[in-house]
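Going by the order they are written in, the chains are A, B, C and D; count residues from 1 in each one.
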Amino acid sequence: MRRIGVFVCHCGSNIAATVDVKKVVEMALQEQGVVHAEDYPYMCSEAGQVRIAEAIREHQLTGMVVCSCSPRMHEATFRKCAERNGLNPYLVEIANIREHCSWIHKDMAEATEKAVILMRAAVAKVHLNAPLQAGESAVTKRALVIGGGIAGIQTALDIADAGYKVDIVEKEPSIGGRMSQLDKTFPTLDCSACILTPKMVEAASHENITIHTWSEVEKVSGFVGNFTVDIRKKARYVDMDKCTGCGVCQEKCPSKKSLNEFNRGLNTRSAIYTPFAQAIPNVPVIDATACIKLKTGKCGICEKFCQVGAINYAQTDEIITEQYGAIVVATGFDTIKLDKYGEYAYGHSKDVITSLELERIMNAAGPTKGHLERLSDGKAPKEIVFIQCVGSRCSDDRGKPYCSKICCMYTAKHAMLIRDKYPDTNVTVFYIDVRTPGKNFDEFYRRAVEDYGVNYIKGQVGKVAPQPDGSLLVHGVDLLENKQILKKADMVVLATAIEPNADVRKIATMLTASIDTNNFLTEAHPKLRPVESPTAGVFLSGVCQGPKDIPETVAQAGAAAVKVIGLLAKDKLKTNPCTAKADELRCNGCSQCANVCPYGAISYETRLVNDHGIREDRRIAVVNSALCQGCGACTVTCPSGAMDLQGFSNRQLIAEVDAICR
Amino acid sequence: MNKVEEIKTISGVNPLKCMKCGKCSASCPSFNEMDIKPHQFVTYVINDDVEALANSKSAWKCLSCFACIERCPRDVKPGKVIDAARQILIRQRGQEGLSADEIPALLDEETPQQLLMSAFRKYRR
Amino acid sequence: MKYSYFPGCTLRNKAKDLDDYARACAEKLGFTLEELTDWQCCGGVYPLGADEIASKLPSVRALNGAKEKQQDLVAVCSACYHVLKRVNDDMANVADIQTRANNYMALSEPYKGEAKVLHYLEVLRDKVGFDNLKKQVVNPLTGRKIGAYYGCLLLRPGSVMNFDDPENPTIMEDFIRALGAEPVVYPYRNECCGGYISIKEKEHSAALCRRITDSAAGFQADCLVTACPLCKYNLENNSELPIVYFTELLAEALGIKEVR
Amino acid sequence: MPVTENWKPTIVAFCCNWCSYAGADLAGSSRLAYPADVKIIKVPCSCRVNPMFILRAFEKGADGVILCGCHPGDCHYSTGNYYARRRMTLLFSMLDYLGVEEGRTRVEWVSAAEGVKFSETMNSFVEKVRALGPNVRLGDLRCKN
C-alpha cells in the first residue's frame, strides 16, 4: 500500500474563493492510503515546497497528489520538489482544481464537490504509479530555420553567433521576406532595404549559416534534439557556383510578361529573374511556367549569352536530408485576398490598391520607380484616401477577427511620407480606432496629424464608387460629426488585414505543431512561453505566431534563438519515460503495434520466455524508449493487452474512471 | 417582455457585437433622412432607450435594402434593429405609417401592385 | 426540363411583359414554367422579424407546392425570388419558424425547406448555360451598351441569397454579353432605388434613382435592364434612360419579341 | 424517465494532453464556464483511449463520455486522432445495442487555442445528456462487481 500525501493549494484566492480547501483536505484523509493531507496558500512557493519536503520525510510518503493549477503550469515544479526529497518524480500527480474547477464554477458547494472528485481520481492513479527513470538522448547541434524574412534571418544570426550551425530554408529565390518589399519603416523613417540588406549579407557570409533559397521543407520526422528533415531544392536551372550575377540573362530573356511577384504583380518580369537588386543569393532562377525554352524547347537565349555557362535547363529538383536538434518556424505573413470586398472596388479600379502595393509604388525599385502615380493613367494623385481595418476585426466570414496590429502605424507612415514629398496632395484617413501602443508610436501618429496635416476621420467607408471621369467617390461617414461624407479621391489605399503565410498549415502538420483557427501557430503558453511551440524542439519567430511589427519580430526572433541555443547547448536531453512497454507473457508477436507506431519505435525479437513453467522461444515486441514518444496508439491496438503505456497504464486510467464514477 | 427584450427577440440582433465602425451609416441610402443614424440604433438598444428609437423618423425611412446588413463587419445587422422598432410601432393600433384613406391619391397609372403590397407590409400591420 | 413557376402579383398585371416573355423564352430555350395552381402573393417584402410567421405562410405554400411536384421553384421578379428564398432558408434552418409555420399549415408532411428556389437568370446561367444561350440568339444586340441594374433584393443578404457576389455581381453582365450587347459596369448597380418608399416620399426615391441612372449614363449605358417591377417603376419615373425587363431583352435577342 | 429534480449527470471527458487538455486550461483561464458535471481525465493522445475505458465508465455509472483530441491533421503524434476517430466510430455504432443511447457519447476536436469551443462543447454535451436523463438503460443491465 502506497503512503500518499495530498497537498491542496489555495492559489491565494484563485482556488480558495470557490473551493472549500479544508473540505478537500478532510475528504482526502478519508481516502485509502492517504496518510497526510494539508492545505497552504501557495503550494508552489518556496515555503510551500518546504512543507511538502517535510511531509515526505515525516510521513515517509511513497506517492503524492497536489491539488492545484494545471499540470501544464506546475507539474514540473512539484515533481522536481519530490525528486529533491528522495521521491521518484513520477509518483506525483496533479489534480487540476483551478483551470478545470475553481475558475469555471461559481457555486462553492458544486466546485468543492468536483475538486474532491478530481482529488480522488488523482489519488487512485497514484496508487498505481510506478517510479520511472528518464532516459537520455543525444542532441544534434544544428538548427533549422524555416523562412528567410527578417524573423528567420535574425534568429539564424543569433544562433550562429553563439557558435551553432544553422540552415535557413526559404521558398523564394532570395531571402529578405516582406521587409525587403517595404520602402520605409516606422516609427523612424529608416529605409527598409538600408537596414535589412546588411543583415542579409551578414547571414549569407556567416560561417555557421547555410542558406537554401528556392527550397521547401518536404518532410519532418524525429523529435526534439533529433529531427530528420527532407528539403526540396527546387530546380533553379542556374548553376549557383558558376553564376556571377551579372544580370545579362535577365536583360536578354525574351519572355518578359510574367507578373512580378516582388512588386505585387503591379508590373512584369522576365522568365529568368532575381526578385530584386539586393537579392541574396544574387543568382537568378528560371520560372519554368514562363520560360520558352523549358516550355517549347526553342529559345535558349540566356544560355547563349551567359559567359560562364551557368544555365542548365536539365536541372531537376533535388531532395537533401539533414539532421537538426531544433526547428524554428518563421514563415511570416501575406495580406488577405480582397475578392470578397467588392464594395471597395479593388480589382475593379487600378487606383484602389493595398498598402503593400503602395510600398512598392513608393519604392525607387518599384513599378513607378518611386513616383507616386495612379496606375490607371500615370497621373499624380491629388487626393488620397486611406481606409483602415479592411478585413481586420471582422466577425463575419469575409475577414479576420483579430487586429492586424501594423496598419495604423504604416498608414501614418504612408500619409506622412506622401505629405512630405508631395505637399499638394491631400491625405484623408478613415479609421475606426487609431492604435498606437509602442515606443514613440503615438508621437509618430500625432506628427502625421499635427505637422503634416493628415486628415483623420473617425468612421468606416461603405463603398468606393469609380466615376466616369476616372476619379473615385468614397462613401464614408464621420461619426464625430454624425455626417455622411462623400469624398472624391484619385487614389484609395486599403489597410488590408494580414494572415499567416498559406504554407504554414502544411508546415505545422509536418512539425505536429498546433495552430489556431486563424492559422497562427500556437505558443506553449500565451504569456510565459511565447516563442516555444507546445511541440518540444519547435520554436516560433515572427508573424507566424501572431501579428507583429519589425521591432517586435526582431525581439521575438532573438528570444527564439536563445531558446534554441539553450537546447543545443545540452549534450543530452532527458527523454520522456512515459513510454510503451510490452508484457512478454501476453505478447503474441502479431506486429499490429508496429503498424500503428508513428515513430518506428517498435521492433521484434525472439526471446526465451518462461510462461508459467513452459519455456519457449517467442516473438516479442520491443519498444525503443528513445524513439517512443508515448502516444499510446499501440496500447489500444494490441489485441492481447500486452502493450501498456507507463505513466498512463490501463489500470491507472481505469482507476481514474472508477474514482470519477464512484 | 420589456421593449428592449422585444427588440432583441424580433431582430435577433446582439447589439454588443457592434464595434462602432460606422460602416452601416456610411452605406445607408437613407442616412440624411434619418434623425437617429444606423450606427446609433444599437446604442439606443444598449442604453434601453427603445422609446426614442420607436419615436424616431428612422423607423419609416429605412428602405430594407440590406446594405448595412451585408457590409457590417461584426455581423450585427443594424437594419434588423430598426425594422424591429417599426414592427413594435405597427403592432400598436394607430401607430401605422400609412392610412388607407391616403392611398388612392398616391397611386398613378403605372404603380405596380408590388409597390402597394410592400408599402402595406412596411407601413401597416 | 420543367419548373414550378411563381409569377407574383405584379406579373399578373403591370408587369405582364416580364411574365409573357419569360414563358415564351423558356419554351424557346427548352424548359417549361408550370405555374403553381394556388400561389398567393409573397407580400413583396420579406418579414424580417424573427417572430413573424403568418406573413411567411404564402411563401411556404408555394415552396411546398414545388416540393410536392418535385420541381425547382422559379421566380422572375426580384422581390418574389428574395422572399421565397429567405423563407425557404428559414424553413430549412430556423427550428422555431419551421415548427410554427408547419403548425399553421398542417400539411400531410411537414415542410422543411426541401424545395430549391431559382431565379430565372440562374436557370439561364446554371441550367441552360450562357454559352448555349449565345448560340440560340438570332438577333444579337450588337453595338448596344446595356447597364445591369441589380438593386438590393437579388443580391442581399449574400449569405442567404447566394445568387452572386453581392458587391461585385457578374450574372447580368454575362447575360447581356450572351445576347451580343456590351455590358456597362457602373458602381451603383447594386444600390437601392428607394423601393416602397416611393409611395409616399417620391423625392427620396428620385434622388437615389438619379444617382443610379446618372452613373450608368456617365459610363455610356444606353439602357438599363432589371428584373424588378418596382425598380423599373422608380427608375423610369426619374430617368431619361430606357429601363427594360431582362426577359424583354432576351425575347428580342431570341427573335420572339415581334411574334408575340 | 424518472429524472429526480436535483439529478446531476456524471460525465467523463478524456482530453489529449496537447490540444484539448490545453483548450480546457484556456477555457479555465478565460473563465468560460461549463457545468461541474464534467470531469476531465488527461491522456497523452486521444488514441490512448481504449474503448474499454468508455465502457467501463458507463458500467460504473457515467451518464455521458466525451473524447476530445487535436483537430484532424494537427495531432501531436501525427496520426493518433485518426485511430481514435475510427475506434470511436466503431464503438459508438455498437453502443446502442449495449443499451447506451447515441447522445451519451461524442468525439470533438478542440485545439489548445479553442477555449471557447471547449466550453461550448461541454455545455452542449451536458445539455444533451441532461435531456436524456440518467443512464438507466445500461444501469438495468449493469453487472455490479
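Here, a contact is a pair of C-beta atoms (placed from the backbone, for glycine too) under 8 Å apart; a residue touches a chain by one contact, two chains touch by 3 or more.
It should be emphasised that the depicted structure is a prediction, and the values quoted were computed from it without experimental measurement.
Undergrad: Using the stated contact rule, I'd like to know whether A-B or B-C comes out ahead in C-beta pair count.
TA: Of A-B and B-C, more C-beta pairs in contact link B-C.
Undergrad: Report the inter-chain centroid distance for chain C and chain D in whole angstrom, where each centroid is the mean of the CA atoms.
TA: 49
Undergrad: Can you work out the whole-Å distance between the CA centroids of chain A and chain B?
TA: That gives a centre separation of 46 Å.
Undergrad: Would you kindly tell me how far, in whole Å, the mean C-alpha position of chain C lies from that of chain B?
TA: The separation of the two C-alpha centroids amounts to 24 Å.
Undergrad: I'd like the Å distance between the centres of chain A and chain D, where a centre is the mean of that chain's Cα atoms.
TA: About 29 Å, centre to centre.
Undergrad: Counting only residues that touch at least two other chains, what does the list for chain B look like?
TA: Those would be 67.
Undergrad: What positions in chain D touch 2 or more of the other chains?
TA: If we look for residues of chain D contacting two or more partner chains, we find none.
Undergrad: Name the residues of chain A that each touch 2 or more other chains.
TA: 343, 463
Undergrad: Could you run through all the chain pairs that touch each other?
TA: Here the touching chain pairs work out to A-B, A-C, A-D, B-C.
Undergrad: In their complex, what parts of chain A are in touch with chain B?
TA: Residues of chain A touching chain B: 343, 389, 393-396, 398-399, 432, 458-463, 475-477, 479, 482, 484-485.
Undergrad: In the complex formed with chain B, which residues of chain C make contact?
TA: On the chain C side, the touching residues are 8-10, 12-15, 41, 43-45, 47-52, 55, 77, 79, 152, 155-158, 166-167, 191-192, 194-201, 204, 208, 228-230, 232-233, 236-237.
Undergrad: What residues of chain A sit close enough to touch chain D in their complex?
TA: 70-72, 96, 98-101, 103-107, 110-111, 113-114, 117-118, 121, 505, 508-509, 512, 514-517, 522, 534-535, 578, 596, 598, 629-633, 635-637, 645, 648, 650, 653-654, 656-658, 660-662
Undergrad: Can you tell me which positions in chain B touch chain C when the two form their complex?
TA: 9-12, 29-30, 33, 61, 63-67, 69-70, 79-80, 83-84, 87, 97-98, 102, 106, 110-123
Undergrad: Flag every residue of chain C that touches chain A in the complex, lowest number first.
TA: Within the complex, chain C touches chain A at residues 159, 165-168, 185, 187-188, 191, 215, 218-220.
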